[in-house]
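First subunit A sits with subunit B, and in the next complex the same chain sits with subunit C.
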Partner chain A sequence: MASNGIRDKVAIVGMGCTPFGEHWDRSVDDLLIDAVTECIGSVPGVEKDDIDAFWLGTMGSGSSGLTLSRPLKIGYKPVTRVENYCATGSESFRNAAYAVASGAYDCVMAVGVEKLKDSGFSGLVIPTPANDGTESELTAPAMFSLLAPSYSKKYGVDADTMKEVMTHIAWKNHVNGARNPRAQFRSEVAKETISCSPLVAGQLGIFDCSGVSDGAAAALIVRAEDAHRYTDRPIYIKALSFVAGPAEGPLDPAYDYTTFTEVVRCAEDAYAQAGVKDPRTEISMAEVHDCFTPTELVLMEDLGFSERGQGWKDVLEGFFDLGGGLPVNPDGGLKSFGHPIGASGLRMLFEMWLQLRGEAGERQLASPRLGMTHNLGGAPGACVSFASIVGAERD
Partner chain B sequence: MSSDARRGIVSYGAYLPYHRLDRTSIRSTLGQGGGAGTRTVAGYDEDSTSMGVEAARRALWGAPTPESLYFATTAPAYADKTNATAIHAALGGSREGFAADLGAAVRGASGALRAAAATGGMAVLSDIRTGRPGSADESAGGDGAVAFAFGTGERVVAEILAQASVSAEFLDRWRVPGEPYSRVWEERFGTQAYLPLITDAVTRALKSAQVEAPTHVIVSSPQARAARAALGAFPTASRADGLELEVGFAGAAHAGLVLADVLDRAAPGETVLLVVAADGADATVLRVTDAITRRPTGDGVRDQLAVSREVSYPDFLTWRGFLDREPPRRPDPERPAGPPAARSQRWKYAFEGSRCLACSTVNVPPQRVCVHCGTVDRAEPVPLAATRATVATFTIDKLAFSLAPPVVDVVIDFDGGGRYGCQLADADPAAVAIGDRVEMTFRRFHTAGGVHNYFWKARPVREGH
Partner chain C sequence: MASNGIRDKVAIVGMGCTPFGEHWDRSVDDLLIDAVTECIGSVPGVEKDDIDAFWLGTMGSGSSGLTLSRPLKIGYKPVTRVENYCATGSESFRNAAYAVASGAYDCVMAVGVEKLKDSGFSGLVIPTPANDGTESELTAPAMFSLLAPSYSKKYGVDADTMKEVMTHIAWKNHVNGARNPRAQFRSEVAKETISCSPLVAGQLGIFDCSGVSDGAAAALIVRAEDAHRYTDRPIYIKALSFVAGPAEGPLDPAYDYTTFTEVVRCAEDAYAQAGVKDPRTEISMAEVHDCFTPTELVLMEDLGFSERGQGWKDVLEGFFDLGGGLPVNPDGGLKSFGHPIGASGLRMLFEMWLQLRGEAGERQLASPRLGMTHNLGGAPGACVSFASIVGAERD
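Here is the complex of A and B:
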């Protein structure tokens, strides 16, 4: 894939992240003000006016740059609103980082926000323009539930074992989230509770689905050579990759619902940018898009953390647990945070920020070197995918 | 009796909607019904709740919202959900206040007045009267609202001397919930049923009050013939104008509207016999005190009757939902959502902006970060519902959905600071101009998904409003 990457050209020097949850008492404006204010406050000496340009990711909580400039009273600066389904927050970060790498700006901010609870809907509703009413009405849990039986069949994993794998993923992420003060759900959940939870779609129970929540996060981004003017412990961007699939899955009988081709392609690109040869051993930790438990399982293979058909074993053996060989979703993931679309990607980066700086508290990993974040949006066979790799050292 | 022991009305206010239906237009359209004179018509963006707000605002006379508020109407905007709380919120009332609805019957007015008088609270009586097209209820009905605040001592403008009641169960009019109009029994049956009840209540009330010949007599009843017959027992000079010719019978609000009209002109020492004859009879004897001179001028019942705009009979039917006309090809309005509406209660209902404590800029709607100086979280609420404004610019939107197109949008500058863009209610699109003076009015914007979306519009300042 033709991308040159921006390895070590850009650094994150400040971040902010609201608690995620049911913010009945907070508006979108409030969440944006809180995340941006925390982010700016994390960098001594930086003022709002020092920031040259802004990127705002939100799917349905506002339109245009005014969504950010109006509440924050940002004066006559470029503010770009981006949307890319569930990778929206990551997309704002990617574009902001590229703007600094290009030399166009010295100091930019990527912001992500979403307020899902106010709609009163259960689960995610993608805002749609006027249409002819012939589009599929399949819900997200239904679309992603297609992964589980396909995986079982292809790799000979019986249904009970498959359920056990899914349950372990949910259990693990709740264990991690219970150690995160910003998570929506902060309790460990017994495996029996998870596996016996009422079914939502296919084999997916309630606990196989991420929650609906509100949240916002922000990152301050500068040129790598300037980073130490802002902080002693910046984190450096090694790779940013994004692909939008051609959405051929729904039309292609060969597509078997055991992989996200888009993820495979964008992960390969990210590893090439970062010079990663063996992700299973070189990546210290990953925040991945666990919208539903089978998604995380498939991602372990698409991202190259497990051999094809072996991911379920790694899950059950605890390889992706907090104390495992490659901790996945150490902050609790979408399972513990819910999924405010525009904010999730930046929330994942926030965990990298904490872990790489040694500030993750109870869930701090021992000397992580490279971290990865991943989002996907859409449905199996028709999705967008994002991957980043970040590190504490500038090679 | 010493002034300390006085209990009664301390302030009041009436609201009559801007629109009138010429009753002759009913007959000219349908070939039946109608009659002489006009009836008041709530705007397409008004209901019993919004009119109740407008009346209650006029009844405050500068005082804060009373601790308790009792709302009576036969046309509640919501069932199951309290309507009085929206009125309370629109008045900027404190969280500790009490607000409740009474019934969906004309006699609820008596209940609200009794409860408010007993607790020193406010009774808000508001109604929209409908009937089958061409019916007597349709032409004889009227829309309007009135509010009375009660208290004790020197502030009392009309002291309660005595009250007497009779309750009776008989079928003279009724309406199954959900039906748009009431059914009535033969009028002569109602007349013979009511007259002895009225006589009983009046006799006992006057005796208790030790008043032989009240200065003003008001008899309000959905049974018009009974009311007229009961009034016949009193000298012509005592009979209050029942407002039938210009307003119509305004249901739960009617007795209060006539009382407000009487108080608008009453002199100290005069007495009032107020009779509500609905499912029984309630008689109250009041004596006007010297404090009546506190009443504000310029916004009384007669003042409001003097300014109006005629609405066509087809538009009247459309506004009331009896004529389902083709809407414009626009998306349906979306219902307001509960949590954000709850968060912004002081803005949405009380129309409070914010004033920056650093630079005094007024932000409308309220802002956490000042639009002028950028100061964060240093602002105080600024109530704007009673602040007048000047039209800075405006537009006429013919595409936007409305039951009374076209929509007029105005950008207004508030006296003392604050700019805001909003709809203009009760407007003649051809007459709007930059520099017009406007005031805020509480309205029902639309109803979607069964949710009424209440908020504020601007309205041209007119004498009488």
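Here is the complex of A and C:
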């Protein structure tokens, strides 16, 4: 069976998020301190010492809890490091939430950080350990590029239209990011610039790919019944779900690169926990893992926002635009923020935090009720998926 | 404050543990499958599909939950990877336990694995990323070797006696390991062989160091009230504590290398959770992190088993021997098992499982009531510490 969930048992009462970007002058320590300090500062009366335990998500910017405990000088507290590919930051949050819901701790912090720019990571080369020769050797853009022609073929979308769909997704996310002072890229980009950008892999141009950046984010989590002691506008966790798939896609002749089964199962679990029957109408907004533009397209269907084979129409009709029926990546997404792996999941929750509290400025949506965040890690056919649903009201 | 704990909220109802050793013919996948299969097999009527979620501890034998989900073919389930230096396996267990206690899942598995022998890891060379030049560059044996002369000096224990104490610890653990079919080293070793073994670092001879091995272990965890549906002899979690320290020891002139403050604080937290007032009399047995013999000596005092400066006498008097007042490392410890990082914490719990159920064969203790497991990760002055307390009775 799936998760029973911990609906409305825990709440977020404070958050912090650094600007994402090329922080050549900031170390991992600096980014952690910035995010945690902002998070604590967002909750009047709370001091660092009030936090009972920490969870740290990082893929490669450190090992063990010392990565956080040392720069933060938190004394002798628990710090757990979690890693789960590109869902690393979200996993920090999920495990922290369970610890609070268990009663083990009253007040915990989930933190995520990644510093990629000075690590040599380009997004194109992944250092893989020696293996038995059956592992995929494709780059991330190459693996995700397979989605576009597969989708085109299956649903009869011609190549020009497909390019238009991908371009719309990149354009939309940059429009949103241009309205976000914390984004790495804060300019709108003309559709022509996007569609004519140099190809990286398959049909993916540079603007179909998210960037590489540094960043950190943090969330303070308490039991729901305690939330109003910390803030008058907490946000409540309605669902947390995670799936690690069988990773058999690349070996399975039936896998056609037009869906992430892991995401479908993960979303089903999340909706069941939150009591969501029709995500297209019940979810007010979503931050999803737009690592590449065709990923976002496929996710719209896997998350149940669009019917199968219809997502491309919804994209072109602006259904997922900031002013559309279900705004997706209102903060600008990975497209505008880059993807510092351990931080991204918490950056998505930060947008939910702002939107549900009415603090999203130029990007503010009208009365959002339920927000969803989603991460994907790995590659089509072999991935992990995380989903959360949060809301401003405790049911 | 420390943890409220989850005393008696969750129970272990099944376990598995591979033999530890040089498994040149077994892959990480093989070890995971072996441990999980044995764990499931230990609970009549339970199938793999009955497990709702997994936690995987590994330091370097894989990234993300796919490391477990792929070889195990568990379908579409949550798998979280955790890492926390040498406490990695224990952290898998701790996070899995919180998830059950939170109500999110009914039945979860904590798994740990590490395959070191064919990774090039020798125990002497640690590949550290480029840093700012202030990081310690000592090997693990060198860092822990500092404990012996510091202890000698502080408590007036002459060098010969200190060597005798260290030798007794190694001898005792090999005596225990010789009675354990799953240990890497299954022979008693004469005290003279130990004390005359070639020096590795400072006063540490080869036999003062734990070995390098491959292994995996797993535990099935459910809510305490459900435990008897799975087994007639569950073991209950009384305490789980973790500390990531400030890592300031090497910079602090007052730090004298005769204690791990992280362990002291971690143990205090665990005892408070379990209601233990006098660990020396109330703890029936302990598996502790004997990475090097002086580590075990210092731990006896940090865990409150011996008075400060008196641990060496307790060691020589056999208080921690299998037939002593408080048997320590009854399964043979890291000395006999080596230290496949992600697996060690669960291997320690496996001994508690056997002992508390009366299944420890030649090593069986008479009516143990409370058992403790302990891990240390990092180095003196800059470490993380985990402690658990488990018991056969639900209070």
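Observations
Convention: the second predicted complex is superposed on the first by the 380 of 395 C-alpha atoms of A that agree within 3 Å, B and C clash if a C-alpha of one lies under 4 Å from a C-alpha of the other, contacts with A are read in each partner's own complex, and residues count from 1 in each chain.
FYI, contacts are C-beta pairs under 8 Å (C-beta built on N, C-alpha and C of every residue); 3 or more make two chains touch, one makes a residue touch a chain.
Remember, predicted model here, so these are calculated numbers, not experimental data.
In the superposition on chain A, contact of A:152 is made with neither subunit B nor subunit C. In the superposed pair of complexes, A:68 makes contact with subunit C only, with no contact to subunit B. When subunit A is checked against subunit B and against subunit C, the one touching more of its residues turns out to be C. In the overlay built on the shared chain, the residue A:184 is in contact with neither subunit B nor subunit C. Of the two partner chains placed by the overlay, neither subunit B nor subunit C lies in contact with A:195. When the two complexes are overlaid on their common chain A, residue A:78 makes contact with subunit C while staying clear of subunit B.
Once the two complexes are laid over each other on the shared chain, residue contacts for A:33 go to subunit B alone; subunit C is not touched.
Of the two partner chains placed by the overlay, neither subunit B nor subunit C lies in contact with A:336. In the superposed model, A:25 makes contact with subunit B only, not with subunit C. Touched by subunit B in one complex and by subunit C in the other are residues 73 of subunit A.
Partner subunit B is touched in their complex by these residues of subunit A: 24-25, 27, 29-30, 33, 37, 48, 71-73, 117-120. Of all the residues in subunit B, the ones that touch subunit A in their complex are 337-340, 342-343, 367-371, 374, 376. Remark: subunit C residues 1-6, 9, 52-54, 59, 63-66, 68-70, 73-85, 91, 94-95, 97-106, 240-248, 261-262, 265-266, 377-378, 382-384 touch subunit A in the complex.
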